[in-house]
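In what follows, chain A forms one complex with chain B and a second complex with chain C.
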Partner chain A sequence: MSDAPIVNEFNQGPISCHAFNGDRTELAICFNTNVLTIFRKSGASWTQTSTLAEHDKPITSVDWAPRSNRIVTCSQDRNAYVWTLDGATSHWKPTLVLLRINRAATFVRWSPEEDKFAVASGSRCISVCYFEEDNDWWVGKHIKKPIRSTVLSLDWHPNNVLLAAGCADMKARVFSAFIKGIDKKPAPSPWGEKLPFNTVCGEFSNGAGGWIHSVAFSPNGESLAFTGHDSTITVVSPGTGDIQSIRAPFLPYLSVIYLNESQIVAAGHDCAPHLFELKGQQWAFSGSMDAAVKKADVGITARDTFRLMDSRAQSATSADTKVHTHHQNTINSIRPFSGAPGNVEQFSTSAIDGKLIIWNAHSISRGLGNMHI
Partner chain B sequence: MSNTLRPYLNAVRQTLTAAMCLENFSSQVAERHNKPEVEVRASKEVLLNPVIISRNDKERVLIETSVNSLRLSIAIKQADEIERILAHKFTRFLTQRAESFVILRRKPIEGYDISFLITNAHTEQMYKHKLVDFIIQFMEEVDKEISEMKLSLNSRARIVSESYLSQFN
Partner chain C sequence: MAFRKIDIDALEEDAFGEDEIEFQEIGELRPLSDVEAEVNSRAQEVRSLLQRGNTSGALTTALQNPPYGAPYHAAKARNTQTVMEAVISVKVVDMAQVAKGLSPEEQDVLMKYLYAGMAAPEQYNSGHLLSFHEKLTEVAGQGCIVRVITDRRTV
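Up next, the complex of A and B:
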C-alpha cells in the first residue's frame, strides 16, 4: 500500500536505543536518559503507557524478548535490569542482574531461545547472563580473553551458543557462550566443533583497521558481517574461507542487519539505510534505501552558487538546514520489524534526531532492480 | 594567491565531515565517567591519527579525533607585528566567552591560535553539516576581519598623525 517509509516523530530528544515487542504493538524507547519509555500503538501513532526508571545513568541498550515478553536494559551505571510484566497491575517489575562489571555496559541482546542474554561492557568483557533457579536471580559469566577494549556490539548465532562481538580494539570475534545446564550441545557448524565457554571461534579485522561498530550473523549462521569505522563492511564465511571487504565511499555505518541471505542493510553517520547485495559470489553496494527528499531550490541564483563555491568551497546551497534524507542525524540502530528471520520485510531505524522510521525492504530493491541501461 | 584557498577549505571540509562521526562512549578508565577522549588521552585505541592540513607554513589546521570528541586547532595567518597583536586580541575576545560559544576551547593548543572542541553531545544537539559549514565560514572570516581591523588601524593612525602634524605647518 505505502512504499514510503513510516516516520514516527517523538520530539523527546535523541533516541539511543529502541525495541519492539513480539507482535509489534508496543515499543520501548530510551531518549538518551536514565528512563525507558514504553509506548503502545493506537491507530497510526504511539501513546505513552509507562516509564521504567531504575537506572541512574543513561541507558545504552534495550532488548525485548518476543516470546517470553521480558525487557532487558543496560546502562552506563554498570547495571542491567530484567523487567517482567506483572499481568494484574500492568506494572513492569525490575530484577537486578549481577553483571559484576566495573565499567559501563554498552550493548545487550537476548539469545534466540531467550533463556540467556549477553551484555557488552567497557570493562573489556562480555557478561553472559542466565537465570539461576536456586537463588532466584540472574547471574553472569564473563568472556574476558582476548578482548582488549570496550565491546561495542553483539549478535547471537541462531544455534543459541555462538556469540559475535565487535570491539573497539578493531577486532570482530566469535565466541562460544555455552552454559552448562542451560544449553544442549550445539550441532557442529563451520565455526567449530567442541565449544566450551569462552572459546574463540574466530577473530577478524577490517581492511584498514577501525573500531567495529556492529556485527550480524546471516540467517543460517554461516556468515558474519561486520562494519568498521573505516567505512568498510566485511563478510566472513568460515565454511568456504571467504572474506570479502566492501569499501563504501560513505561515512561509517553504526548498525547492520541481514534482510535475507543475499541482502544486507547498513546505516550510520550518513543518515540513510544503504543496501548491499550478493551478486553471484561478490557483495557490492546497491544503493541507498532513502529516495532523497529534495526541495526545490528557491531564490539561489547561479551567481550565488559560484560565489559560494569560490569563497567557501561549498558546492551546495547553504540556505537549507535540512539534510535530504528522512533522518536528519546519525542512525544508531536498525532492527528487523516484520517478516521471518530469514526474510525481513520491514525494518525500523532510530536516530539521534529523535525519529523512528519503519522502512519497506522490498519496494526499494525492486525499484533498483528495474533500473537498467 | 587565493587559488589555494578553495582546495584548502575543501580539504578541511571533507576531513571535518569524516572526523565528526562521533558517538557516546563511556570512559574505560574511570567508572561512571563520560569524558571527551581526545582531551583525556588515556586509552590509545580510541584515538585516531591527528591530521594537519596546511595552506602554507603560516596557515594550518590540526584535526585530532577520537570516538566521542574532536579537537580542531587553527593557526591564523599573521604576516607582521600588527597582525599578530590583532589576532591575539581577537582570539582572546572569543575565548573569554567560550561558555556561550559552546564548541570553543578556552585555551588553544600549543602552536595554534584558536581551538574548538566538539563532542558527541554537540553533534546530538546540532546538525553536523551546519557545524562544518560554520567552521569553514569562521576560517574564511577570521582572515577578513583581521585585514579589516588592520586597514582601519592604519587609516586611523594616518588621520591622527596628519591632524597632529598639521599644527606645525
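Up next, the complex of A and C:
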C-alpha cells in the first residue's frame, strides 16, 4: 500500500467525531450538528447513504461496534441512542438510553465484547450501560466517586471490565465497570484482583496540571497512556510500578492510541500525528508522521506572488496562510483503521478542518530521515 | 431558550473549588516562616554565586523549589526578585546555552518566572526577558509555554 496518507474532504463543516464499521465499508461522521451522517465507500470516495437525526443538541461522540453492527451516539442533550440496522428497510432504528445525567454527555465507547458501553459526562459521572432483557431497554449504572469534574474521555481494558477515564479534574483514573449478570469475574491483572463496580484501581496525574484529554490502554492492558492539556504524555505500568512523563515541546494532544506495545501515536493542536516509541525502557518522541506538505502542493506560483503584491501589498512567499501539514486544523480524534488490535497498520484522524485522513503506520520509519519539525 | 439569571454553579454544593484544586496540585502547605526562611537563604546563595561569576549555577539554584501556594505572596515576590537577578546576569549570547543546560522542570519554572517578570515591566528589563523567552522557546518548544498556562502552581 502506498505510504501517502489518504485524504477525504467532506466540506460539510468541522468533524466532531467519526467511527468506521467493522469492515471499513461504512463511515459514521458528525459534522458538529445534531445529526449523524452515514457514508458508504464507493471506489475511492464516500457517498452519503443515511442521516440519523434524533438528538436535540450537537452529537459529541459516536462509536460503531464492529461485530454486532450497532452504533451508539451521545450528545449535549444529556441522552444517548443505540442505533440498530433494520436489514429489510436499511433504516437505522434508534433506542433511547436512560443515562440519568443532568449535564452533557461527552464521550462514548462500546466495550470490547460489545455487551456494554460507557458514557462520560459533564455531570461528573460515567454511565456504564447494559441491556436489561426483562424490561427490553438499556439501563445505566453510575461511576461517581471520586470524580470531581467533567469526564473527557474513556478507554476500555481488553478484559471488558476495567475502564480508564480522563477527567477535567486533571486526573486519569482506572475504574472497575464490572456488571453482575453480564460480566464473568476477570482474571487477576496488575490493576487489581477483587473488583466490584466503581472500585478505583488507580489514580494518576501528569505532574503539571491540565485536563486529561485522552486515555488509552496498551494492547495487553498492562499499561495506560494518557495525555493532558499541559502538553505531556504519561505512561503508567502498575505491574512494574513504572511511571514515565514526557514533557513534549509541542501544543497539547487531544487524542492518543497505541499502535503496538512499543509505539504510541498522539495528535492534537499541532494538526499532525506524532509518534512516540519505547526504546529499551524509555518512552520518547520519535517524529511527526506528517512529512511537511511540499511547497509545490501549497501552490504559490509567480502569478500569485505578483497578485498578492498588488492586492495585499504583501511580498512573496510568506503570504501563504496554510499550515504545512495535511490537516489544517486541530485533530480531535484518532482511531485504529486496519490491522489487529495489537498491531495497528493504518489509523484514521478527523479534525476541525472537516477532513478525515487515513495514515499508514509504517511510513515514518521510511521517511524519518527527511522529516524535521 | 431562556438564559439563566442565577449562577447555578455557585449554588451547587460539592463544587470543585479553587481550594480543593490547590490542595490537589500543591498538597499540604508548609508554615509561612519555613517558606520565607528558605526563600531568603536561597536569595543569599544566589547572590554569592553571582558575585563569584557563576551565572548558570546561580540560575539553577534560583529555580529550585519555588514557593507555590496561595498564602505566600511576599515570599513569591522575593523569589521572583532572586530569579530576575540571576536572569539579568545571563548575557544574550549565552542564553541558548544556559537554556539547554536546564532540566525540563527547570525550563518550565524559568518560563513561569520570565512571564512573572514581564508582568512588571517597570521593575524588570522586559527586553532582556523577551530575548531569553525567545531562546528558551527554541529549546523547550511551545509545550513549555502551554505548561505555564495550565499549571495551577503559580509563581
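To be clear about the criterion, the second predicted complex is superposed on the first by the 341 of 373 C-alpha atoms of A that agree within 3 Å, B and C clash if a C-alpha of one lies under 4 Å from a C-alpha of the other, contacts with A are read in each partner's own complex, and residues count from 1 in each chain.
By definition in this document, a contact is a pair of C-beta atoms (placed from the backbone, for glycine too) under 8 Å apart; a residue touches a chain by one contact, two chains touch by 3 or more.
From a predicted model like this one, the values you see are computed outputs, not experimental measurements.
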Checklist entry - Does the superposition put A:Ile352 against chain B (first), chain C (second), both, or neither? => result first
Checklist entry - Where does A:Gly122 make contact in the superposed view: on chain B (first), on chain C (second), on both, or on neither? => result first
Checklist entry - Residues of chain A touched: more by chain B or chain C? => result B
Checklist entry - Which holds for A:Phe250: it touches chain B only (first), chain C only (second), both, or neither? => result second
Checklist entry - Which holds for A:Arg148: it touches chain B only (first), chain C only (second), both, or neither? => result both
Checklist entry - Where does A:Arg103 make contact in the superposed view: on chain B (first), on chain C (second), on both, or on neither? => result first
Checklist entry - Which holds for A:Asp230: it touches chain B only (first), chain C only (second), both, or neither? => result second
Checklist entry - Touching A:Met170 in the superposition: chain B (first), chain C (second), both, neither? => result both
Checklist outcome for this item: Note: overlapping chain A surface for chain B and chain C spans 148-149, 169-170, 211, 229, 251-252
Item to check | Residues of chain A that touch chain C when the two form their complex | outcome: 148-149, 169-170, 208-211, 228-232, 247-252
Checklist outcome for this item: Within the complex, chain A is touched by chain B residues 5-10, 13, 17-18, 21, 23-28, 31-32, 34, 43, 45-46, 67, 123-124, 127-130, 133, 136-137, 140
Item to check | Contact footprint of chain B on chain A as seen in their complex | outcome: 14, 16, 32, 57-58, 60, 76-78, 102-104, 106, 122-124, 148-150, 168-170, 211, 229, 251-252, 254, 268-269, 309-314, 318, 321, 323, 328-330, 332, 352
Checklist outcome for this item: Residue set of chain C touching chain A in the complex reads 16, 20-21, 24-25, 104, 108, 140-144, 146-147, 150-153
